[in-house]
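The structure is given below, and queries will be raised subsequently.
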Amino acid sequence: MKLNDDIILDIRRDYVLGKLRDGERIDGRAFDEYREIKIETGIIEKAEGSALVSIGNTQVIVGIKMQPGEPFPDTPDKGIIITNAELVPLASPTFEPGPPDENSVELSRVVDRGIRESEAVDLSKLVIEEGEKVWLVFIDIHALDDDGNLMDASSLAAISALLTTTVPAERFDIGEDFPLPVRDLPVSVTTRIIGKYGIVDPCKDEEYASKNFITITTDSEDNIVAMQKSGSYLMGEEMLMEIMETSIRKARDNRKLLKEV
Amino acid sequence: MDSKDIKLIIDGKRLDGRGFEDLRPIKMRVGVLKRADGSCYLEMGKNKVVAAVFGPREVHPRHLADPIKAVVRYRYNMAPFSVEERKRPGPDRRSVEISKVSREAIEAIVMKELFPRSGIDIFVEVLQADAGSRTACLNAASVALVDAGVPMKGMISSVAVAKVDDVLVLDPMKEEDNYGQADIPFAFFIRNDRIESIALLQMDGRVSKEEFVQALEMAKRGAMKIYEMQKEAIKTKYIMESEGEVNEIE
Amino acid sequence: MKLNDDIILDIRRDYVLGKLRDGERIDGRAFDEYREIKIETGIIEKAEGSALVSIGNTQVIVGIKMQPGEPFPDTPDKGIIITNAELVPLASPTFEPGPPDENSVELSRVVDRGIRESEAVDLSKLVIEEGEKVWLVFIDIHALDDDGNLMDASSLAAISALLTTTVPAERFDIGEDFPLPVRDLPVSVTTRIIGKYGIVDPCKDEEYASKNFITITTDSEDNIVAMQKSGSYLMGEEMLMEIMETSIRKARDNRKLLKEV
Amino acid sequence: MDSKDIKLIIDGKRLDGRGFEDLRPIKMRVGVLKRADGSCYLEMGKNKVVAAVFGPREVHPRHLADPIKAVVRYRYNMAPFSVEERKRPGPDRRSVEISKVSREAIEAIVMKELFPRSGIDIFVEVLQADAGSRTACLNAASVALVDAGVPMKGMISSVAVAKVDDVLVLDPMKEEDNYGQADIPFAFFIRNDRIESIALLQMDGRVSKEEFVQALEMAKRGAMKIYEMQKEAIKTKYIMESEGEVNEIE
Amino acid sequence: MKLNDDIILDIRRDYVLGKLRDGERIDGRAFDEYREIKIETGIIEKAEGSALVSIGNTQVIVGIKMQPGEPFPDTPDKGIIITNAELVPLASPTFEPGPPDENSVELSRVVDRGIRESEAVDLSKLVIEEGEKVWLVFIDIHALDDDGNLMDASSLAAISALLTTTVPAERFDIGEDFPLPVRDLPVSVTTRIIGKYGIVDPCKDEEYASKNFITITTDSEDNIVAMQKSGSYLMGEEMLMEIMETSIRKARDNRKLLKEV
Amino acid sequence: MDSKDIKLIIDGKRLDGRGFEDLRPIKMRVGVLKRADGSCYLEMGKNKVVAAVFGPREVHPRHLADPIKAVVRYRYNMAPFSVEERKRPGPDRRSVEISKVSREAIEAIVMKELFPRSGIDIFVEVLQADAGSRTACLNAASVALVDAGVPMKGMISSVAVAKVDDVLVLDPMKEEDNYGQADIPFAFFIRNDRIESIALLQMDGRVSKEEFVQALEMAKRGAMKIYEMQKEAIKTKYIMESEGEVNEIE
């Protein structure tokens, strides 16, 4: 990285941090306040399900494709979820074409964990022939505009897309189409750690100020279903507890949006 | 290309009710992405594409820079969910070829010499693909370049002509592409509101020379219609923007 | 690229262009004149079919291999053609080892289009068991010496090799060997665009003068079956029409050579 | 995570006879590799891992160096024979993620600023994998860093807590991981013999907030025990070394 | 490589070579003397067989995994051996993460040749269903500490691991487990060529002095089963004969260690 | 290697009628490629190979250059159609190994020190493969190097010996390689018309030491014959060339 860039980053961080010390964020939000969230579903007719989620300027589209395939040997009675994230270079001046790097791997795996561990999709209903043939559910995360917090936008888009997914049984000559059985609404809340401050739903300028974050995903009953501390920092216990409280609370708010999908 | 037994023209109309020289519905929105320097969302029938332009900016790694002119990249990419059967992420041979000929069309009209050592990147994502996605992408890219303020000699407007059931039709949709007799994607260079020359031309199928000449004329008329919409979309954005809003053209 | 190389290229282009302005080519040919074309077939006994084509100093070898495989789901009643081009570093000081770049992808796809769209190979005769098993036809283009116009040399070598191909049914225990059914003779003609001039069958020095070309492939009845404009240039309508005429005419000439194969 | 019909707690004991808060047997050997600057072989139940540290050393290629601080690499890699079904060589998505979060935990305690333009490389090979291989690797890596003489703010000690059959258990083994209700790997930063903060935290499964708090306390107690073993292993090596021998801690 | 490194290498080579001229090796060994060899087997319980071999400070672990798979079409009545070597960066400051380079390819192929050509494993006993299903034997070489002569350490570890391998038939529901049938004990002996000297079992400092070596693998009856001259040097006939003698002799010694496995 | 029930020696003759120490028919043409600096087409039985030499020339990227001597590359590559069952394009492990040992043989005789910072590239394409393609390639490469005017200490001539049906045979063909008991490819360094030393030696199968010694002698006799043909081919080219023609040696 060039020196100039480093200096600009430093100045930006100082600015963000200075504000936080005064109890403010650069865009005037409260520390635990999300930008406006919009969810639009069914936008890709050729996909089995799809959703475009925007959080402020951040936009992520998730498309669901399904096809019959072989089950894993140790779970012959369950469908399979495969989650993939592409940080296509269209979404940010810093993304480059190429195979997934560690950040997109982490993004897809954390989103996947939230869906999987909350058992949001009833995989036992996705068996076509036990041990032989089950439904594969491809969750493809496609970032369009990265203005911060791709993680929560991707999670919301994933569950929104699943909620509107129709299993394409007719196309494969295996009975009638039916809605994908979704039984929980996992919601992830990401908190950026800048110095000693934690702020939810970071915008890009806040992300430039620190690489450190923690994502906590909770289910409809406030259980924690996935956590990921990311970044080279040390987190105190007290702060973790606070973030956990906030995450549960904010997830409840965002879950309301899902109920309207 | 395969004629099979499928009839594509019934009672002088196409399967979706269009006349031979009707375009599919087109929708454009300019400036839809915040992080890109220029952007355009475009629908052309069931095609849904987004184009983003970055630059002129520094080239990484630096040894790829050209001391004389800007280096142009163009990446045509299909989302895994954009097609009937899920597409594996990453470039395949088809998208490598489309990216190449599309980049060359764009390079021919961008004033690269104004930006030595710089890079101009055009990334186009196909969110949903129907026939003609490369033409839809070029139309979106052209508008996104204007949105980014990249100096150009003119505009690119692109449309295909197909031969189906022995007649020529403008802007073929999926069935016409799959079961037709020929597909000819064109992109034209338009300056001062008139078509000057051809920026992209590919063809597969089977047509006589005479049919090709007709196809070319049909494509030119179609491209001019698209061009008017592109202009309108750009204008609307800039007029609206002063009032703080982004508008949609249909 | 180094500055020296750039200067040499500039000088070369000026020389080529200067000649063209005087109505001449650097090797004395007419604008629409091919170098000598030679076709030798059956040179790789282990292949199902093969041909070595030289156009002047340019040499390309194409080998055909066949094996049974699964048909595409949407064409259960047809064999499959797979065309591949390797620009091996032996053929040119500028080729490097590695996976196919955009130029070799384009080369193989344009050759493929000519064969495919002219329906030169009767794929319906390559079904072993409908929907289950069909013949796969691998067309492998192997450049040996690139002195310009690999495109037309590859196209000629491909159709020549196909013309001499025997379907190896016996080796796979599925009946008797039979000649590959070839029913058309697509011929591509490539015109290099240098400045406002179009010259067919460019030699390497002419290719260095400009990256711009157009390839037009026609069938035995003068129909156009494939076109590819390649290079970042703008082409006038009039020029296109002229090139089309020439391409049809030259293809007729070259097709005669194929009849002797 | 899948509870199924498998009972993991029988008569208040775990399948391998451990109590809820018992660690699996741990074994460490320091300085087991000659070519590495620091190394540690560690067994934790059936996990068998080796960690090697190289550096601070020059970074290749040089343009990857950071003028301000050392660049830390951490590579978690599984031997093809380390698991029931042979693993294809090379990184998969799981090991890319583990390498990332593990590196970040280590980076937070290594004094990178002391070594501008340098690289510190930590390579950990899983020779046999049971549940918790990432925690075993971090424990080994931490000791190997000390063995290499890399200045650190403290130590990393790492252990997971699982929820199985509705109770929390420390340091889960394979069956508890496969059929349990939750798995929470922790790594703690320990300085002056006390836990200061959390360096690594992941979680999948399903626990209430209250359960998480209990899990954290359990993990801290477990980590302190591991930390004592790490100290002992290091001490033993350095005491023994003066007498020309390398010793084993069990 | 940097100049400094080159100078250090030069000095090291001079030192090694100077010693050799005086009839000595840097660690005091005779020219045909191995460092202490230790073989430990059964250390990876999850593997079908395993061995950790150390030669001096060099340590290599080999694990054997087996699974049913399809036979090659031309050997329907034989199991299949697949040998793979990973020079993981843990083992040496000069190894980097990434796909196998030519050195690790050569290592795995030479080890493989010794096992394969001595017919050490009775592959005809590894058929589950002729032409349909046979046992695949994966020999994975994992270098831990490269202090020279990875080749011989890997060969010894491979045959030791095979000797202790149990075919996991029960796990795949195809009868009872049985010991892998091993009927020969191929042993490779590697001689480093430094100037006009040949020394067996080079340590790393000796390897830095020269890239040239020859590996000769012999079976229990002193037959040669594999050879590999490696490095850009020319070898006289006389020297080759001497090395061959020595290799047969030293292999006999090392084979004794295998009998205790 | 697998003896099976196939008889390879019948009435003291090999399957193709050759005596034990007969070479397969060899054909060479020098200077067959225009763009390469040196080239040679060679047939050796059913093997058909072409070798091209480029250089000494600049090395790209430059940081791979060696300030002391030329960097030699050697790429053995099989055309997809060169073998019974189509080979996937690109290097596999076998060709990586062959390229390595062949490069090393060539490196040992090329005067690399005369060309610091330069690259000498040898690319060999196997158009049709029978047994012994690596030896055919080395013979062709050696001639192509002379054709390119690259200074060498001498020549490389290469041939294999096989053991089949308990006898040694020179220059084995496919069946002898597939069903024989051993295969020993040799390449010799030849200077002043005599064999000086061994440049390449590999072996797989099973032979006694005594058999190996016999094989070596047989290979040397065979290599000398090939060497004479190589010389003749080179001479013919240079004599003929002055008369403007390229000739064939059989």
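Order of writing sets the labels: A, B, C, D, E and F. Residues in every chain begin at 1.
The rule is simple: a residue touches a chain if its C-beta (ideal position, glycine included) is under 8 Å from a C-beta of that chain, and two chains touch if they have at least 3 such contacts.
Since we're looking at a predicted model, the values are computed, not measured.
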| item | value |
| --- | --- |
| Minimum number of chain-to-chain touching steps separating subunit A from subunit E | 2 |
| For subunit A and subunit D, chains touching each | none |
| Identity of the chain that, by mean CA position, is farthest from subunit D | C |
| Remotest chain, subunit E as reference, centres from CA atoms | B |
| Distance from subunit E to subunit D - Cα centre to Cα centre, in angstrom | 31 |
| Chain centre separation in whole Å, for subunit D relative to subunit C (CA means) | 58 |
| Between subunit B and subunit D, centroid-to-centroid distance (C-alpha), Å | 52 |
| Chain contact graph, described as a line, ring, star, complete graph or other shape | ring |
| Ring path (origin subunit A; first step to subunit B) | A, B, C, F, E, D |
| Residue numbers on subunit D that touch subunit E, as the complex places them | 32-36, 46, 48, 50-52, 54, 57, 60, 75, 77, 79-86, 89-91, 121, 123-125, 127-129 |
| Subunit D-touching residues of subunit E, taken from the complex the two chains share | 43-47, 50, 57, 59, 61, 63-65, 67, 84, 86, 88-93, 96-97, 99-100, 138, 140, 142, 144-147, 204 |
| Residues of subunit D that touch subunit A when the two form their complex | 1-2, 93-94, 96-97, 99-101, 103-109, 182, 184, 189, 196-209, 212-213, 216 |
| Of subunit C, residues touching subunit B in the complex | 75, 100, 102, 105-106, 108-109, 113, 116-118, 214, 219, 222-237, 240-241, 244-245, 248 |
